[in-house]
Every structure is written in structure tokens, then in C-alpha cells.
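Two complexes are shown next, each including chain A; its partner changes from chain B in the first to chain C in the second.
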Partner chain A sequence: MPEEKSPLARLRHDLRTPINHIMGYSELLAEDLADRGVTDLDDLNRITAAARSLLDLISERLSDEAFSGITLQESIAAKDYTKVAGSLATEPEEFTEQPSPFTGRILIVDDQPENRNVLARRLERQGHQTLQAENGRHALELLASEPCDLILLDVMMPEMDGFTALGRIKDDPALRHIPVIMISALDEIENVVRCIERGAEDFLPKPFNPTLLRARIGASLEKKAFRDQEHAYLRRIEETQKRLEEELQEAAKYVVSILPEPMDTPFRIRWTYHPSTELGGDSFGYHWIDDTHFAVYLLDVCGHGVGAALLSVAAINVIRSGSLPDTDFLDPGQVLAGLNNTFQMERHNNMYFTIWYGVYDTESRTIRHASGGHPPALLLKPGDAGDQIEPLHAPGMLIGGMPDMTYQSATTAVPPGSRLFVYCDGAYEIRRPDDSMLDFDRDFLPYLRENGRNPALPDQVLAWIRDVHRGEDLDDDYSFIAVDFPP
Partner chain B sequence: MPKILLVEDNEMNRDMLSRRLTRRGYEVVIAVDGQQGMDLAGSAAPDVILMDMSLPVIDGWEATRRIKADPATAPIPVIALTAHAMSGDREQALAAGCDDYDTKPIELDRLLGKISAQLERVGKSAPQN
Partner chain C sequence: MKFTTVEVPENVTFLALEGSLNIAGAKEIRAELLEVIQSRARPVILDFSQVDFLASFGMRLLIEAHKAASLDNHSIVILNPQPPVARVLDSAGLSNVIATAATREEAIRLAR
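Right after this comes the complex of A and B.
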């Protein structure tokens, strides 16, 4: 029984015959070469393998089972091959690309439209979007307006080749983050090396191996996705940091804004405040309690920064507004005891502070004062043998360490023409470059006795300790108030 | 030297297969269609016939039937070559009187094995190499 020559069978036969020729001649050539001792037949073997898979494809796609539709048989008979081509365009199941886990917009740059189209179809099946450009110049024009996650760049192209285009891309700050994979024939490997040195991420040899294509594109997009994410995080961190810095500056401005203005009558008061970071833990103030009583106070919260500043501002506001229950603000001991019970450290972020609080009585020309762990204020008094300096001691525990402490008030006479210095420990606890510390009795007091009449003493002391420290950046906050009592 | 009659209409297939068989020590006689195949089966006295089944004028099926119907040529082993292993091709080929069957693309070693099997069956031997 003769073979039924259906149109489909004829089509199969016509397609298979030239492929069989390719295979047959390849094998023949291989035998000839083997006779001559040539055994490195990689290319020939590749040709044979490719031909074999084409044959498989033809058998499968053009099987009678695949073409049960009569219309198609008829269109083959009528040599109307458009429908046949249409049905071949859908590839069978095992050739269908799985969607890639990392997809993106990929620019394909190749001067061969067939190459571009094949690549574009394949990439789109993997779930990517594609753009096409026919040479380097066209690619750069496209990149100026089209966002893109990955560039596949042919090396050999007319007008502008891949190497030149790569250079332009990598020199452009707006484009250089886009990964570039070079497309090249294997015999262009030296060009590929140049391209990778110039910033190309990888290369893909032509003809494309689908697995390799998928893997390299996937890897590139994955890396880019991580890089993009990293950049986004970095931007967010930078924004947050900027906002925090702005807020810190706002807070610092506020801390400074609650400090009192220098004053000239009836006392001349000058001060200098210099936090070691944006926000310090020092604050101070002075105000009239009544017509004859003038309070001066300075407190120093342990550490510095936001927490210290908040506590410092809270405490100074309590003193300024006189808002402690059952407390006579004329009595420094009562004020400190009240502050101690109000600002216990376990309720205030484990922070404590030291304070010096004094009340000057204009009638008795005395100053009543108490200290909560704070260095003594100093009274510079004019005397027959020149100025004398008297520390205003009144020992007491720091504020917030232990509840129900009592604080003793002491009273000191203030001779006309005296000068009062109130300051924090940051004014004298200064480390020299050789690691030794400035000494309160041997260095600080003599310096003040010597220079105590300088009208700009608060600034002068700061300049002096910076000089001792050999640096602008002090370790602690600096506050210094100088009060001149009238002669 | 065993003589093979290759009945094949495609010029390239003929050229290719004949050259490869010649290399392996066979003498190859060529026919380009079914009619010529039948004629040469009688006149050239081949030891084996390789019959392409899709031939013009008289196709391979018909030519085989006639060769097998003629007592003078009937003993010559015929190996059918079909374009592809479509199901049923083998049965059809054997039913048409073919002694064996192979498919294109030719795998030469496999085909050579079938040729020497047929030669042995009729008491002849394949070339040594």
C-alpha cells in the first residue's frame, strides 16, 4: 500500500529533506576530517545537534495529530502557508518560557532586525518589556527619554558600535547604573574583555543559548533590583537623617531661645553658652522673684543630646515659672529639695543633674545659695591687696539621685563691686593633649583671679580652655555667667 | 565487493549516501526513480536494494512489490527508507515485501548493520573495515 501523500506529509518531507542533507553532509565531512586526523569537530557536532532538534520540532509541530483541523490541511493543499506559519508561531509546551522572577524593561541594541525580534519575542515571553534600537546612537537617543533596567548591547554595529555606546552610557551619571550585557560572537571575545573593563556587566555569546540568556538577564536584573533597593534605603536614611538634623537644630534653637538676654541694669550680666553637640544638657537663667530678690541659677544634666536637653529645659522652666508645690523660691535649699523630689532619675530616663541656685537680696547685699552636686559659684571681691576669689560652697547631693534629700542654704555677703561667676564643670574639666586634666585649684581659680575683671570673661574663658585642650571640639557643654554687682 | 542498488530521487541524498557507502567498501549503483530501480534490480544484480519509498513515476511501494513479484529479483533483500518513523510505516513497508526498514535521517552505523544482516541472510558478507 503506497504512503498516503497528504499535503501535511509533503510539507514535512519538504522541510525535512534539506535538514537531512545538512546532517548527512556534516557526518560525511566528519568522516573525511577523521581520515585526516582532525578530531576537534565541535562546530560540526553543534550543527548536527541543531539539525536534529529542528527535525524533532518539525515532526512534533507538523504531526497529523497537531493538525487535526481540516481547514489547515486545506490551506496547506492550497499552498496558503500563512495559516501554517501562524500555527507554528506558537511554540509547543516545552519551549514556552517560564516567567522570570525578576522582570524589567530591557533595551535590545542590535543592527540585525531579525536578531532583535527573536530576542524581543523570547524576552517578552519571559515577562520582560522590551525596547529596540538599531545602533549605539539610536540607543542613546532612546535612553534619554525611556527608563530602562537592562541593556543588551551588540558589539559590532554601524554608525555607533557597542563599545562606544557603552562608554557614553558609563560616563553618563544618569545612565551608568543601568547594567549592560554585551552581545557578541565568540570570535569577538577580545572586544568583550575591553567592554567588561569599560563597565559592562556580562556578555552573551551569539547564537543565544536560551538557558544562558535567561540566567544572565535574571542575574543582572536581580542585582539591579537589590542595588535599586539599597539606593532607596540610602535615600530614606539620608532623608530621615536630614529631618532629624533639622529637628535637632530646631530644638537647639529653642534651648538657646529660653536662655535670658544679657542685662545691664541694675547688674551687668554676660554669659557664654556652647553646647558640645547641637543639643547640650546645660541651661541657666536669672529673674526677679520680687522687687528685692534676684535669682541666678545654672544646671547641668549628665551627658548631652536630646534627652539631656529635654530634662534641662523642663527643669529650667519649673524654676522660671516657680512651679514647685509648697516651695519658697527665696530659699535655695527648699528649691533644690523640691526639684530633687520632682526630677527623680528613675522617672526621668535615668538622668540626673547638678544645679547651683542663688538669690541676691538687694537690701542686705547678700546672696543666699545652695548647690545640688554643682561646682561652687565664685565671688570675685575687691580687696586691699587686690581681688580675692571666694568659692560659694554649700554642699548637697546631685538632683534626682535619691528622694527626700535636704539641701542647706548658705548666705554670703556681697561687697560692692563684686563679681559673681556661675558655670558648669565643662568650664574647667579640660583634658590637655598629654591627657592631664586642668586643675580647679591650681589652674582655674588663679586664672579667674588674674583675668576676673575682663568684661568679656565668659568668652575669654572659653577661648582659654580651647587653647588648653588644643581644639575647638570640647568634650562637654560650656556655660559661664558673669554677674557684676554695682560698686 | 557487495553491490548496493540505491533507489533515491533526491540528488543530494544519493550523492551523500553513495559516497558514504563507497567509503565503507560497497559498490553503489544508482537509480533515480521506481522504474529505473526495477530495471536495475534485474540488470545490475545488486546484493541489497536501498529503496526510498517516496519516489516519482513509480513509488517505492509499487517498485518493491514488483521486484518481489518477479522471481528473478525476489530474493534480493530490500531495505525500505522512509522519510520518518510515522506509525504504521514499518508495517506498511514489510507488507509491501520489504525485508527491513530504516528511517531518514540516516544513521549510517544503524543502516550498515541492517545491510550486513540482510547480506548474511542471503549468504553473503559485508565488507571488512
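Right after this comes the complex of A and C.
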């Protein structure tokens, strides 16, 4: 706390206290009388005026200045505040209390029961609720259990003074948002400055001027109301964001859940899927259409995020369930034409997708395939001079771009021991740190020819392009399926 | 991504594009490009000599451009796409829908 009170200051404080009580009660009494229609308040006004001149006398005759050397700065500050208080004191008093537009629960902390009483009565008249505490310690005990919108805190109190209590309040995360207005005599202004530096919102000089009291309390409560509202908005935003994130995670789980299980017989199939954001625009699948025909397909919606994921899930479910009207799912060209007419971009938020769709015939050992704007699947074939890579070309327009497109199916023989790679462009459209792009013919194909027999190729390619990109965060979704045909 | 508009006597609009036609590039030029196509109401030649990359959003913009031109019974022609871009155009099936030309004369002939 402020430095130990000088004997002179204590004398001023002790002399002023009863006079402040007289003024406070006189003003309350005057307001009560005014409420009842009594207009002749001369006697009360005389009492108030006399009390005020007594206070002036105490300030003038018992000032530190009058007794000893005092720093210039303090003297100027004290004079300024005396001036302010003087001008407020000469304002015509309005003795009718209006309920304040911002009301709240106010804790009054003062060791003088009369001070608390006067303040409480005045505040309740303005529509506030009040709590009372007789020192800092008592105030902290109350605050532990009682909600509170504003604290009026006397500076000088026994047991725990206002400065210490203020420090505790401002250090407590649960309390620090409550505005504190310091109550002090004008010659304690040095202490008030320290309190404001420590986080007090404002100060009220004793004796209380009703207009000033009302204005400062109103302003503090209004600020707190806005702050509380802000906090409430912030909490709501945080809750909404949390819920959205949870829902996005749910959606991401669903997108992954519809991807097929790896397979071991009659073909060994392994795949790796890595969306660039939580929700990717890639999806793929494979299933038996009948006893001898096995479909493999991979699609890539332009973009990623919620919209792309929704379209990719919708499209993959159409293929999986075989639900396109008048479509033979053994004929890739028909499937793509049907998808193209179902998913026109104008009706799907201007999004399109690319797809590779192939059907393997176990009897003829051929694969019939078509592409809607998708990079060709690759067939790794054993040959006399080592493995050869054959791109399975059958170029067609991307799905959703233009209505009524036709898609040509092509048929390719699959020699025993071949390996089929189906992937999206995110597997090779990779930017190097020097801004150059990985090249499909010069980099991607040779890499696959060389490493194509790695059983964990889908993972290996992902590690490779991350290395080329020099970072974990790829710009696009990554999907890669490897199908091993029996020897 | 940027483009410049050049008028040529054959009554076509000639646009020279420069940069990467990826999501950022497509966003940068989309509104202006479609505005030029719609307001001129004449064939448009897109010079791709200086376009080094074409990604999915760029293809979407080309489809939009093609559709905008078709509404006026005009066409767009892509001039001189570089090999990586040409491969993307082929692989996306766009070269079946939007004409590509190797030379300026051929582009003007195709632009009707």
C-alpha cells in the first residue's frame, strides 16, 4: 500500500469522515423530501453548505503544503483535483434520482459503515443491487462466491487496504474483468494514480457528488456490459468453430470410411490416400460387377474442401451402387457419359471432376477403360528387357464440363504378372523449391518403371514427391492405387 | 497471371496470357477474361506461348470461356500451348472441344 499515512493526513481523514457522513445523509434526506413533494430545503442546503466549507477549511488549513515542503507536482495535481471537485460542488444539484440505464450488482468496500450505508442507499435508489464489505479481505471472501459487476473500493482501510485488494483482484483471472472504482479523498490523489496504474478503472472523490457518482458508475457498467457482450460473442464463435471442426472431422472420417479395404485375392491391391486439407476431393473404389468383371475407378474433383468432398462422395456412391439410368457398367464409355450428364457443373456449384474407370475381365485377361479428363492409368508389364510401362490412354472430356459428350472405351491386354497403377494428378504435378514442375514423361514414368515392383509403392511415391516438394504439405490431394495381377 | 488484349485486323480478339493458370492465376484473370469475351462478341484467340502451367481451375476457366463464346456463336482458339500444357489439354479432353493451333495463321483460320 501507499506509504504510511502521515499524522497530518490521518487527522484530515478523521475530521472529514463525520462531515462526509453529514453531507451524505443530508443529500439523501433532501432527495427523500423532494420525492415527497417538499420543496423548501433551505435548512438542509444550509447544513450541506456549512459542511462543505468545513471540508474546505480542513483542506486549506491542514494541507501538507501549509505545514511543510511538498513536491511541486503533487501540489499541482492536488490543486487540479480540488478545482474539479470545487466546480462539481457548485453545480446545482438535481435531487431526483432516475434509474440508471445500466444497472448491476455493486460491491461497496469501505471500513466506515456510514459511508457504505450512504452509498448503498444512493445506488439502490438508482436501481442497482449492492453488497458490502468492511475491508479488502472481507471483499475478496465475498467475491469468491458472489457475482459482481463493479467494485467501489476505499483506499484506506484496516486489515487489508484498497491497494492490496486491488492487486489481488487484478491478479485473479476470475475477477480481473470486474471494473474497480477507487474511493478516496482528494489529497490521496497520489495513491489513486498508483491504483489506476495497477488496473483500477476510475476514482471517486469523497465526499460523493451524486452526479459524478452516477456518471462514473454508469460509464463503468456500460463498458463492462459491452465487454461481457464481446466475451459472449467470442465464446459463441469459439463454440461454433469447435462444432464445425468436429463436423469436418466427422465428414473426413466418412470420406475415408467409404474407401475400400485393401485386397489380397484374387488380386493384391494396396492404396494410399492423403488429402491436402482435412477434406479432399479425391475418391476411389473397386468392386466386382459380376463373377468375371472387376471395376477399378478413381476420381478427382477440381479443388478440395467441403464442396469438393461432397461431390466426390456423391459421384463415387453413384458408381458403387451402379445407379445410372440405362447404363451398362461393363462399358466404361457409357458409365462416363452417364456421369457427365448427371454431374453437369452448372448444377454442381461449378465443380467438375476427372475420372479413370476400368473393368478387368478375368476370362479374357483384358482391361476395358475410359478416361474423363483423367491422367492415364499405367500398366507395368514384364518383358524380355525388363519391365515396360504402358499408359492406358482413352482420352475423353472431363466430367461435368460440357453436356452430351461421348467417351470412347479402349481395351488393353493384361499379361500375367502385370501391375496396374491408378492415381490422380496430385501424384506428379509437384512443384520443386526452384519453382520448376516435376515432369510426367521425364520424371514420373521413369521413377515408376524403376520402383514399380515395390509392394509398398503407393507409400513410396508419396514419400518421393514430398521429398521433391521439400515439405509435408502438398498442394493437392494424393491418391494412388496399385493392383497386382497374378502371374 | 496476366493477359494483354491486342486487336488484329481479321476481326478477332487476340489475348496473350502469361504465367501459371492455376487456382490463383485463374482467379486473377477470370472476370476480366470473361468480360472481354462477352463484350467483344467475336472469336477469341488465347495465345498460350507464355503459359507454363495449366491446373484444374484453369481448365474450368477455359470451359467457362468456351461456353461464353458459344453463346454468341463464336469460338475460342488456343494458340501454341507448350508441351506440358498441351498434354493437360489432351488428357482432360479439352482439345476435343476447344481448337488448338500451332501458328497464328492457323489460329485465325480456326477462329470463327
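One rule holds for everything that comes next: the second predicted complex is superposed on the first by the 393 of 487 C-alpha atoms of A that agree within 3 Å, B and C clash if a C-alpha of one lies under 4 Å from a C-alpha of the other, contacts with A are read in each partner's own complex, and residues count from 1 in each chain.
What we mean here is this: a residue touches a chain if its C-beta (ideal position, glycine included) is under 8 Å from a C-beta of that chain, and two chains touch if they have at least 3 such contacts.
Bear in mind the structure is a predicted one, so any value in this text is a computation, not a measurement.
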Could you say whether A:228 touches chain B, chain C, both of them, or neither, answering first, second, both or neither?
neither
Once chain A of both complexes is superposed, is A:60 in touch with chain B (first), chain C (second), both, or neither?
neither
Going by the contact rule set out at the top, does A:247 touch chain B (first), chain C (second), both, or neither?
neither
Looking at A:146, would you say it contacts chain B, chain C, both, or neither? Reply first, second, both or neither.
neither
Just checking: does A:302 make contact with chain B only, chain C only, both, or neither of them? Give me first, second, both or neither.
second
Per the contact definition in the header, classify A:397: touching chain B only (first), chain C only (second), both, or neither.
second
Regarding the shared-chain residue A:439, is it in contact with chain B (first), chain C (second), both, or neither?
second
Chain B and chain C contact sites that coincide on chain A, given as residue numbers:
none
Which of the residues in chain A end up touching chain B in this complex?
1-3, 5, 9, 12-13, 16-17, 19-21, 23-25, 27-28, 31, 51-52, 55, 59
In the complex with chain A, residue positions of chain C that touch it
23, 52-53, 55-57, 59-60, 63, 66-67, 84, 87, 90-94, 96-97
Once bound in the complex, which stretches of chain B touch chain A?
10, 12-13, 16-17, 19-20, 23, 53-54, 59, 61-62, 82-84, 86, 89, 92, 95-96, 104-106, 108
Which part of chain A faces chain C closely enough to touch in the complex?
300, 302-303, 345, 350, 352, 354, 371-376, 395-398, 401-402, 405, 425, 429, 437, 439-440
